[in-house]
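Two complexes, one shared chain (chain A), two partners (chain B, chain C).
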Partner chain A sequence: MTETLPSSLPLAESTPAPALPADARRRSHTFPPEVVAQIQRMADEGHYEIRGWGAKRHLPTFDDLVFLTASVSRYPLEGYREKCETKTVLGTRYASKPIELDIPITIAGMSFGALSASAKAALGRAASAVGTSTTTGDGGMTEEERAASKLLVYQCLPSRYGFNPKHLRMADAIEVVIGQGAKPGGGGMLLGQKVSQRVADMRTLPPGIDQRSASRHPDWVGPDDLRIKIEELREATGWEKPVYVKLGATRVANDVKLAVAAGADVVVVDGMQGGTGATQDVFIEHAGIPTLAAVRLAAEALREIDMADQVQLIVSGGIRNGADAAKALALGATAVSMGVGPLIALGCNSRTYLQDGVEHDATADYRALGTEPGYCHHMHTGMCPVGISTQDPRLEARLDPEWGTRRVINYLKSVTMELTTLARACGKSNVHNLEPEDLVALTIEAAAMAGVPLAGTNWVPGSSDCR
Partner chain B sequence: MCGIVGLHLKNPELYPRLGELLASMLDCMTSRGPDSAGLALYGDDADHQPRMEIFKDVGLPREICERYGVAKRSGYQGIGHTRMATESAVTTEHSHPFAPAENMALVHNGSFSNHASVRRRLESDGIRFVTDNDSEVAARYIAHQVGHGADLGDALRMVLKEMDGFFTLLVTTATQFAVMRDSFACKPAVIAETTDYVAMASEYHALASLPGIGSATVFEPAPEEVYTWTR
Partner chain C sequence: MDTLNAGGVRLSCADLTTREINAALAELPDGAEARIEEPWGRHNLAVGLTNRITIDIDGNAGYFIGGLCDGPDITVDGFVGWSVGENLMSGSVRVRGNVSECAGASAHGGTIIIHGDASSRAGISLKGGTVLVGGDVGHMSGFMAQAGTMLVGGDAGHALGDSLYEAVIYVAGKIASLGSDAKVENLTDSDVLRVKQLIDLAGFDHIDPQNVKRVASARQLYNFDALKDQKY
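Right, the complex of A and B next:
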C-alpha cells in the first residue's frame, strides 16, 4: 500500500513526462525494493512472513572453495577405466546393522504433509535405485514410502507426530531431530491448507488447522536426558539400527560433542541453507551458520574427542551438486544429505508438469501464488503448481511419479559422477580419501570458515599454522 | 620423481660386496632423483646381532656414497633411494630411507594422495613425525601396524587399504625384504632373483651389472602383490 503524493505542478495533458533525473532510482542498500515490499506486507498483514525453501541471501558457500587437482606432484585417475569407490557405511559405533550405501549422498527428511504421498514415494524409489537412503519427516511414516524405500531413516521429532514403536521397528535407522538448519531452535510448521484428513489422522490432530510443532522435545532437555532417550530407542530396536542425531548448525563444536556423548552413531549437521516446508522468513535468513563453516567445525569436534573414526558425519544444507558433495567430504563429512535438490529434480520450480503423458504449462499457477518458475518458495501454501508440496488431490495428480522418479535417479547419478570426477582428478580411488589439503579458498571468509588456505597463499585466517 | 634400489643377499660370499654393488645400482638412478640420496645397510655386528645403518644426505648419489664410504661396507641386505622432491623440502631429514622403527627402513617411489588424513589419524594415536614428507606417513603407518603385532606382509596389505595414490614400496626389517606396488602399478619396478640374491630397482639398467644377472629370473612385480624374502 503506497500513497501517491499530489504533484505540486499539475501538468498539461499534452506535456510529455519529464525524464527522471539520474539518481531517481538510486537503490537503497538498507531499504532496497524487496525490503520496502516486506515492510509494506507486514504493515498490511500484521504478522511475520512464513515461507518454504531455505536461505536466499548471499552467504559464503562451497562455491568459494576450489580443488587442487593432480598434475605433476600427484597423479589423477582415469575417469572411464579406473574405479573410484563411493560406498559409504553409517552407524558403525553401536548398531549391529549399520547402513550401507552405494553413494555418500542421501535424501534428507521431508515430511508427508509438507510433500504429497506420491512425491515421498518417488524420492524413496529413486533413492533405492541408486543405493541410498531416504528419510521420513515430521508426521510419521507412510506405507508408500516404506514400500518404496530400501533404506528408510525414521525421524524422531519433538512433535512426536506419527512416532510409534511399530514404525520404529520397520525403519532401517533412527534420526533424532534436535534441530533443522532452516530454523535451528524452532519447531515444525504445517499450515492448515496442507493438513488433509490423512495427514491429520497420522498426527492425531484436527484437519485444516495450522500446526506448530514443539521446538523442544518433551522427553528430554539437554544431552543428559537425550542419552536416556537414545538408549530407549536402541533397546526398542534391539541395538540393531544406527541412531543419528540431527542438529541445526549453531554452536556446532559443542553440539556435536554432546550428541556423541549422548550416544549418537551418526551426527547430521544441517547448515543454514537447509530447506524447510514452512517457517518464518526471519528464521530462515537470520539463524544458524552456513554449511561451509558447520562442516569444518563438526569434523574438528569429532577429531578433538578422537571419534572421527567411530562416528560418521552427514552434512546438509544447500548441497546441490557433486562439487558441493566433494568439498563437504574433503572437509570431513562421511556423506551429504539433500532435500531441495531432489525436489527440483522431481519438478519443483519447473515451468511445466507432465500429466497423463501431456506437458502442461504451470506459469499461471505460479503467478497466482505471486511468483514465477525458478523463484517459488511457496511450499507452505499447499498450492504447489507442480503437485509436489501439496495435499490437494487435484494438484497431486500433476506429479507423474514414474517421470519424477526417473529424474531424481538421473540427478543423483549425475551428482555422483561429478563427485567421482573431482575425486579422481585429485588422485583418489575412494571419494572418502578427499581431504582438506585438497582445497583452497577464493575468499578470506571461506578460508577462515573452512580452515583452508586462501588460494595462492599459505595463509589460513585465524590459524597460526601455515600450509 | 625418485629411484629405488635394493639388494637382499642369500649367498654370504657376496656380503663383503654389498656396499659396492648397491652404490653402483644407486648411481644408475641419479637421473630419477638428483636432489638427495640415501641408503639403509644391514649387517651383523660383533655379537652377531643384526644392525641397520642409514646414510642419507642432500646431493648426487655418487657424492653421498663417496662421502660415507658406502662401497667399502659389507652386509647382508640394503636399500637405496634417489629423490626428486615433489611437495616437501629438499633436506637430509626429508630424504629416504625413512627408519620408523628399530631395524626397519622404507623407500618409496610415487605420491600418496591421502597422506594428510592418515597422518592426522596416526598423530591422534600418539605417533610423532619428523617431516611433512608423504613417504614418512607410509613408513610410520607400517611401523605402527607392525608394532601392534602385524607381520610386515599384512602391514603392507593394510597400506593398500588405507593409503591412496601411486606407490612402489621397498621395506626392510632385520630379517625381511619386501616389495609392493599399488593397484595401478604405474611407478616402475623390476625384480631379479638368482640363487645368490634378490635385487630390486626402479629401472632394469640398475640391475644390469650385478653378477650372474644373465641367468637371473627377472620379472615385474604385479599390482597389489606383496613379495617378501626372509633371511
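Right, the complex of A and C next:
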C-alpha cells in the first residue's frame, strides 16, 4: 500500500535549510568566487591589489615535459654511484675571475627589507655550504649577508637603494637588473610597514614610508647606454667580476641579443612565475611569459648569434625541484636560480615555526592576515607568521637561523640529487650534457613553447622540423 | 692647470684605452694631480676611484664621467654626456660647460658643479649628494630625489621635483611646472644661508640667495593610500 506524503511539511525552527539544487553552486568561469571577491575588494578600496609571491594562475610549466630516459638505444649511468658532474662556471667571457659553482643552482636576488637579515644570512650560509652563490637585492648589501655568502652577486637595480661602490668591489659578481619575471617593466614597492629604521637608513629614506623601486635605471636607457654602463661597472672593479644582466621574460629573443651586444657575461632570464616581495597583482598574473617559453627563446637567441659557448644563461621563475632544473638545463640553461623554493625550505608557508627549541602553531597568525598556511602571499604586509619576510623583531625571532640553514642545505642537496639522478638516467655524466633531445612534451602548448616534440609524435608545433 | 705637481701624470686618450687611463689614475697616491688630454668624448673616464687626487679633463667627455667615485676632485674643461658623477659618494666633479641628461643620478654624497646647463633629469634619484647647476635644467629634474640638495641658477623645465622625497631644490629662475607631489615652500633664513654657501662653493656670481624658490616634497605620495587620488 502506497502512502501519500504531504507536498510540503511545516519546518521546525531547528530544521536545517533545504538542500540546494544541484546547479545552485554552478561555478562561473568568467566570474568565479575569487574574481567576485577581487571585484568586491576593488569596490571597497579603490585601488589595485599589491601582494607578494608569484603567479598563481595555471600556466604551461616544466611539468608538461618528461624525459626520454635511457633504454636500448641509449644506456644509463648507474643510479647514485657513477659520478655525474655538476660543476658550473659563470662569467667566462670578459671577467678575469669567473664564478665557479659546485652546483648549477643559485639563490636569486631577494632584498634585505623584503626579507629579514637573519633570513638573508641563513640563505647565504646554506648556499655557501653547498657551493653556490646567493644574490643581494634592492636595498644593498648587509654585513651579515656578505659574511655568510662565500659567493655573493651584487645587484645594480633601478632604485640604487644602498648602492655603494665599496660593496661593488666586495662582491663576487655584478647583476644589472633590467626586470623581474614577476613584474617586468613594472618596478616594485616595499611598503612602509617593512621600512624599519635600519632598512630606511640603508635606503636613505625616512622609516615607515612606502619605497618605490623604480622601473627604469636613473642613469641610462636603451641597449647602447647599457653597453657603456657595463663598461663603467667593469672599470670600477678592474674587469675582475662577471657582469650578469637580468631580464624579466617578455621579448626574450631580442632582449637576450641586446644584453649580449652590451657586453653581458651572463644573461639571467626570469619567467613570469618568478616571485616578488610586493608588486601589483595585475603585473604578477598578466605580464611576461612563462619560464618554459623563456628558456627556449633565450637559448635559441644565444645560438643564433653564436654566443652560446661564451655567454652563460641562468633561468629562473618557478623552479622548484631537480626535475625543473634538469629540464631547464636540457633546454639550454647553464644554471637555474631559485627564490621562492628556498624560502619555503626556510619555513615560508609552514604551519609551525621553531622558537627556543619549541614548535609553535602559526595558524592563527596566518588567519589574522586573511590566509592559511600553504596559501600565504602576504610578504608585502611585513607580518610574516614564520619570521622570514618581516622587519618586526618579535616575528623575526620566529626564524631559527641555524634550523633554517640546515633546511635550505637539505633542500638544495635534494634538488641536486634529483637533477643528477635524471641526468644519469639519460646517460649523462655531466648535467650540462642534458639536451633538448632528452625531452618530449605532454601538451601541444608545451611542445610549441619548449620546441620539443609532442610525446608519441615527431611533431614540434610551430617548427617545420620533425624529429 | 698648466703644470702638474711632483708625481703628477699626463694621460692622453689618443694613446691610451679607457682601461689604461683608469688603472693609471687608481695607482696615484693621495694628493697627486693628473691631466687627461684629448678626451674626444671618451666615456667612463675617472670612474670608481677612491684616492684623494685631482684630475683635470682637458676637453669634452662622454658618459658617466666621475661615476662611482669616492674621493677625487675632477674638473672637466668642456661638455660631458649623460650621468656625470652618477652614484658619487664623496669628492667633486666640476664641469665648465653643459652636461647631458641625468647629471648626478643617485649621488650619495660629494658635489657636482655644472657651470652651464644640464639636460633633463638632473639630480634624479639623488641620495644625499649636492648638484649645483649655474644654468638651466631640463624636465623631470630632481625626479624621485631622496636626500641632498640641488641648486639651479637658471630656469627649470617641466615636472620639476616629481615624486620628491626629502631632497630640496632651490631655483633662481622660472619653473615651467612642478611634478607630482612637489611644492614651493617659504624660504627661511637657514635656506638663504645654505644657498649662499652653495653659491660660494660653486663660484657662481649670478644668483641672489634671497631670491630663489625652495621646492620640496608635499609628502602626499609617501604611502600607498595616496593612490586613491590616482596621483601615480
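Operating definition for what follows: the second predicted complex is superposed on the first by the 449 of 467 C-alpha atoms of A that agree within 3 Å, B and C clash if a C-alpha of one lies under 4 Å from a C-alpha of the other, contacts with A are read in each partner's own complex, and residues count from 1 in each chain.
The rule we apply is simple: a contact is a pair of C-beta atoms (placed from the backbone, for glycine too) under 8 Å apart; a residue touches a chain by one contact, two chains touch by 3 or more.
Nothing here was measured: the structure is a model prediction, and the numbers come from that model.
> Of chain B and chain C, which one touches more residues of chain A?
So, of the two partners, C touches more residues of chain A.
> When the two structures are overlaid on chain A, which partner does A:S159 contact: first (chain B), second (chain C), both, or neither?
The second partner, chain C, only.
> Touch test for A:D201: chain B only (first), chain C only (second), both, or neither?
Touch partners of A:D201: none, neither chain B nor chain C.
> On the A-aligned overlay, A:D210 touches which partner chain: chain B = first, chain C = second, or both, or neither?
second
> Taking the superposition on A as described, I'd like to know which of chain B and chain C A:S429 touches: first, second, both or neither.
In the superposition, A:S429 touches chain B alone.
> So, does A:D219 touch the first partner chain B, the second partner chain C, both, or neither?
Only chain C; A:D219 stays clear of chain B.
> Going by the contact rule at the top, pick out the chain A residues touching chain B in the complex.
Checking each residue of chain A against chain B gives 70, 72-75, 77, 82, 303, 306, 308-309, 426-430, 433-437.
> Enumerate the contact residues on chain A facing chain C in the complex.
Chain A residues touching chain C: 46-48, 50, 159-160, 163-166, 168, 189, 191-192, 203-206, 209-210, 212, 214, 218-220, 225, 228-229, 231-233, 235-239.
> Taking the complex as given, what residues does chain C use to touch chain A?
So the residues of chain C touching chain A come out as 18-19, 22-23, 43-44, 47-48, 50, 62-64, 67-70, 82-83, 86-87, 89, 102, 105-106, 108, 121, 124-125, 127-128, 143-144, 146-147, 163, 165-166, 222-224, 227-228.
> Mind pulling up the chain B residues that touch chain A in the complex?
86-87, 111, 113-114, 116-117, 120-121, 124, 164-166, 183-184, 186
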